[in-house]
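One structure is given below, encoded as structure tokens.
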Amino acid sequence: MKAQIKVEIITNRLERREVVRLLDRFEIKGYTFVDNAKGRGNRGEQDGAGLTGSFTNAYFIIICEREDFQRIKEPMRELLTEIGGVCFVSEGEWLMH
Amino acid sequence: MKAQIKVEIITNRLERREVVRLLDRFEIKGYTFVDNAKGRGNRGEQDGAGLTGSFTNAYFIIICEREDFQRIKEPMRELLTEIGGVCFVSEGEWLMH
Amino acid sequence: MKAQIKVEIITNRLERREVVRLLDRFEIKGYTFVDNAKGRGNRGEQDGAGLTGSFTNAYFIIICEREDFQRIKEPMRELLTEIGGVCFVSEGEWLMH
Amino acid sequence: MDLSIFLDNLSNPAILFFFLGVFAVAIRSDLNIPSPISKFLSYYLLFCIGLHGGEELAHNGLTAEMFRVLGLAIILSLVVPIYTYFILKRRLNAYDAGAIAATYGSISAVTFITAVNFLQGQEASFDGYMVAAMALMEAPAIIVGLVLINLSQPKTNGTRRRRAMQHALKEAATNGSVVLILGSVVIGALASDKHLQAIEPFTGEIFKGMLVFFLLDMGLLAAKRMGALRKQGIFLLGFSILVPLLNAALVIGVCSLLHISQGNTLLLTVLGASASYIAVPAAMRITVPKANAGLYVSMSLAMTFPFNIIVGIPLYYYVIQLLMP
Amino acid sequence: MDLSIFLDNLSNPAILFFFLGVFAVAIRSDLNIPSPISKFLSYYLLFCIGLHGGEELAHNGLTAEMFRVLGLAIILSLVVPIYTYFILKRRLNAYDAGAIAATYGSISAVTFITAVNFLQGQEASFDGYMVAAMALMEAPAIIVGLVLINLSQPKTNGTRRRRAMQHALKEAATNGSVVLILGSVVIGALASDKHLQAIEPFTGEIFKGMLVFFLLDMGLLAAKRMGALRKQGIFLLGFSILVPLLNAALVIGVCSLLHISQGNTLLLTVLGASASYIAVPAAMRITVPKANAGLYVSMSLAMTFPFNIIVGIPLYYYVIQLLMP
Amino acid sequence: MDLSIFLDNLSNPAILFFFLGVFAVAIRSDLNIPSPISKFLSYYLLFCIGLHGGEELAHNGLTAEMFRVLGLAIILSLVVPIYTYFILKRRLNAYDAGAIAATYGSISAVTFITAVNFLQGQEASFDGYMVAAMALMEAPAIIVGLVLINLSQPKTNGTRRRRAMQHALKEAATNGSVVLILGSVVIGALASDKHLQAIEPFTGEIFKGMLVFFLLDMGLLAAKRMGALRKQGIFLLGFSILVPLLNAALVIGVCSLLHISQGNTLLLTVLGASASYIAVPAAMRITVPKANAGLYVSMSLAMTFPFNIIVGIPLYYYVIQLLMP
């Protein structure tokens, strides 16, 4: 087992490419997301209704070293200020294989 | 970064409105959920099969202050006793923007 | 509230039965998963494209005692070495009802 | 006894694809219709059957037989849950008994549609208001089931009980499939013939094919629930075959007394004999979360549904033809 | 005034199912079309209408009226966002004003298809290039809206502004529905008649039925957005009815001067009067995330769309018949 | 050389929509068919082609040519993976070599259906048992691929190897599309003509249109995999074009010796030349997780599939017509 952190990001579905681009830029290799999340935040309700995914969220999970997060922290903050959403960080252990 | 807690709730998909109503009642503003989770618990397997979503779960994520959770804790317990499901609370930090 | 751990497993969608079989074998009763996760890891990008779910991931959440995890730890490591994916463990509290 | 009617039913691709679905689950195939498609297909079937029913209703106007049939339908959906509840109560707790009673008092739209398809194959006629009968029978049993559950409880606060009933009534009446079928009947009656004819290729021509495809899905769904049945005792398995037969006998008897036409009798029989796995589970999960959904859905979907479409429909029709020349 | 044209519209199951969708949301029914189905249906409609438009375009060749109509369409999609922006700017911030202006400058394909369906019911003719006009009108307003928003900003770095515009242009031009409709028009023009005839049962015969089913979904979607409208002031509600009427008057006036045929005039009127809820929201969410999507989507989907399909289309056609004998 | 056959193929909307899908990905459009719809469409195509194949099989009975064709089909699905494995083994590890060999030994149902569509356009006849040939060719290559991989491994425990083979056999035989196509053939043979005719509007009339729509999706899927191809060397790119050509030459040669009809020869050629991207990836991901799925899926979907439907089918048919007068 190895201590790692988990970064969770929730933002609009249409912005998922932006998030991936940011991860790419900082060479974060691994991530997972679901792109049919619904929810509510400062920008109102995202109820999944509509024909374009405009009202749907993507929920990202990124397991990485704390240093990795330090690198993406500021650009991520900027991105989320622009596009809305939340970023939550917690600790845990990774079962290496 | 700001210390916050993450509340995760898993319950039957048909009850998602009840959960949202409870959050509304206690003025919890932000939440996210996916409504196509499957799983197994005390009430048997929820395999997503069927024509109504009766056998599907909703998985909620709520990032909030610990005090917020203290307020919803008892009503949530009551609700889950009624409708089934789990509620899990963990700690972390929120990247403010 | 009761201290518990949360085990998160992300692996190929087609392997979800294997994961459930392993949980069954060690009598882990409760679990939740979504089977439309996308992502990227050592085995390349899983973009959800295709007609078979071969490029889609399943994301499992298992809330259990730490001892339960100790039991499944080694077999899970072996399984993931075989089929790929990640397993992350974190701590929290379970709202009993 | 003339078996041709049964063989003809077995040569229907709808029934054969149902078997294929069951077979696929039995060999643990990953054949699987995504749930948005299942939902679309089931809404499509209700949409079409509703429109056609409404259209005929508007053409033929209100008849005496229609009122007899609708009355019978409502009585049926009140009587069945009551008598079955008391049978079930001998073995089960009030929650499960009430939920199963509601399930068997309500109806299965897909069984009904399969019976319509069967009648068309037999070139037998029936009336558009049978669709209205079906729509009317979806909800009442849910209410009856809940009343029975409530009565079995130690006296609780009156307001609370009233609230629970309102909740249930709301769930039953606003269930998506109930709204769609009733709405489609009304629209079929209101819409102009010109417009209805323009959509006939969608609502009529491809209908049977969509039904066949949907029955593949039903086979998959039913077979997935068959596993849960193994854990159930002989009592519930017997119930899920005998109660449909009993209801069928009841309906055929009454209909022959009331001189209802053969086609309408078959459809009413099928409504009596079928059990719900859409409207009722959706309402019960919310209003009686303590009832075991694995129980009532398995019984209706994995036993009663296959029994009705494979054996029941031709059997009922055979008996009807014998008794009502 | 002859009301039959309105009544005929109300007897169209497409409109009636739209009402059913609204009704279902009003009574809080769980009737709900899964989003993959919504997307399939909307792509299907664009696919069919594009193919038919392209086919006719290839048959009839390029005509003078065609160039007049296409020119008019493009002018319309540039003028509408500009004039509406300045109206909106009096009450709203630049982001919201620009986004709403783009919404009303662009078009609603479903409204257009409903109008085509209406014309076919009236046995009135129109030309295939109207589909091209529709396709051409989707994107320009998005660009205009963004230019206006940018101009309203304190001078920012030139490169940055250019980047933002390129981004927007890209989003507008690569939007899935824009690509599908334009692609289908081109394919309809290129494909051989033999092959197009072979797919006519799919693209033609079941089309109207699919449209009806889709309008049920539109009713559900529109009604879900109606809640958000209640919070909006009378200004925006008025805007969402009056601007379509104004645009319609404008188009009808110009078309009657240019001697454009009745059918084509109706379709162009509907393009002017309709507001986007597919291409524009998708582009705006990304390029102007600060604009309130709840605002512009609600106005177009919950007010302007229902107004156009229920009242607008027959009203415009009534006026066109009066003015252009 | 007469190019009209190629041009006719390019005027087929099915091929043109494939191009549109590729184009949409190239310009980074968000055009995207939700995966439940993809799955529905691909199941629908198998369902229809299976029913029609079974129906014809029942009508025409067992013929000598049929047994020749089926024999050839099975031999083909055993020979192709073996010879390609040894070619691949020179450059790749055993896992990837075995997986790619299985991919090219198995077949692509959509390529087959496109070829059927092409033959119908050419008004050429073929036999219903070709569908059975297709169904029979899906699985054997998977087993062969796995045997080859296993043989290449240092001697492992015998029981373990047997277990792995059983696992693979199970995956190959229970794959959803294999079960659906075989089941549909059987049902098509068993079902009564009356019932099959009643579903013809669904299984026949709208079939070609659904295929066209599905090919749009195939274009999107193929183009998404084209990116991965860039990283692959010229060896695998060459393989994905040359092996189909080689297989085609082989099949055409043998068929002309055995006097198999033109239509049947084309279909068998296409089966030989096509590579799987449904049954094989699904089985390989589970049984050989160490093989690189990005490799074999990209080759079959992004190179061989487009090559076959755009160039291959008309080319093979051109050669067949030259050689088999």
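Labels A, B, C, D, E and F are assigned to the chains in the order they are written; within every chain, residues are numbered from 1.
Here is the rule we go by: a residue touches a chain if its C-beta (ideal position, glycine included) is under 8 Å from a C-beta of that chain, and two chains touch if they have at least 3 such contacts.
Keep in mind it's a predicted model, so treat the numbers as computed, not measured.
Asker: Going only between touching chains, how few steps reach chain D from chain A?
Answerer: Minimal hop count between chain A and chain D: 2.
Asker: Among the chains, which is located farthest from chain A on the basis of C-alpha centroids?
Answerer: Checked the centroid distances; the maximum from chain A is D.
Asker: Computing the C-alpha centre of each chain, which chain sits at the greatest distance from chain C?
Answerer: E
Asker: Between chain B and chain A, is it the same set of residue numbers doing the touching on each side, over half shared, or a different set?
Answerer: Looking at both copies, the contact residues mostly diverge.
Asker: Could you tell me the distance, in whole angstrom, between the mean C-alpha positions of chain A and chain C?
Answerer: That gives a centre separation of 19 Å.
Asker: Suppose each chain is reduced to the average of its Cα coordinates; what separation in Å results between chain C and chain E?
Answerer: 45
Asker: I'd like to verify one number: the distance from the centre of chain B to the centre of chain E, where each centre is the average of its C-alpha atoms, in whole angstrom.
Answerer: 39
Asker: Residues of chain B that touch two or more other chains: which are they?
Answerer: Each of 34, 36, 90-91 in chain B touches at least two other chains.
Asker: Can you pull out the residues of chain D that are in contact with at least two other chains?
Answerer: 34-37, 39, 201, 205-206, 282
Asker: Given the complex with chain A, which residues does chain C contribute to the contact?
Answerer: So the residues of chain C touching chain A come out as 8, 10, 34, 36-42, 57, 59, 73, 76-78, 80-81, 86-91.
Asker: Show which residues of chain E lie in contact with chain F when the two form their complex.
Answerer: Residues of chain E touching chain F: 34-37, 39-40, 43-44, 47, 51, 170, 173-177, 179-180, 183-184, 187-188, 190-192, 194-196, 198-203, 205-206, 282.
Asker: Under the stated contact criterion, what part of chain D meets chain B in this complex?
Answerer: 35, 38-39, 42, 220-221, 224-225, 228, 277-278, 281-282, 285-286, 289, 292-294, 297, 301
Asker: Please name which positions on chain A make contact with chain C in the complex.
Answerer: So the residues of chain A in touch with chain C come to 1, 4, 6, 29-36, 61, 63, 90-97.
Asker: Where on chain B is chain D touching in the complex?
Answerer: 12, 14-15, 43-45, 47-56, 82-84
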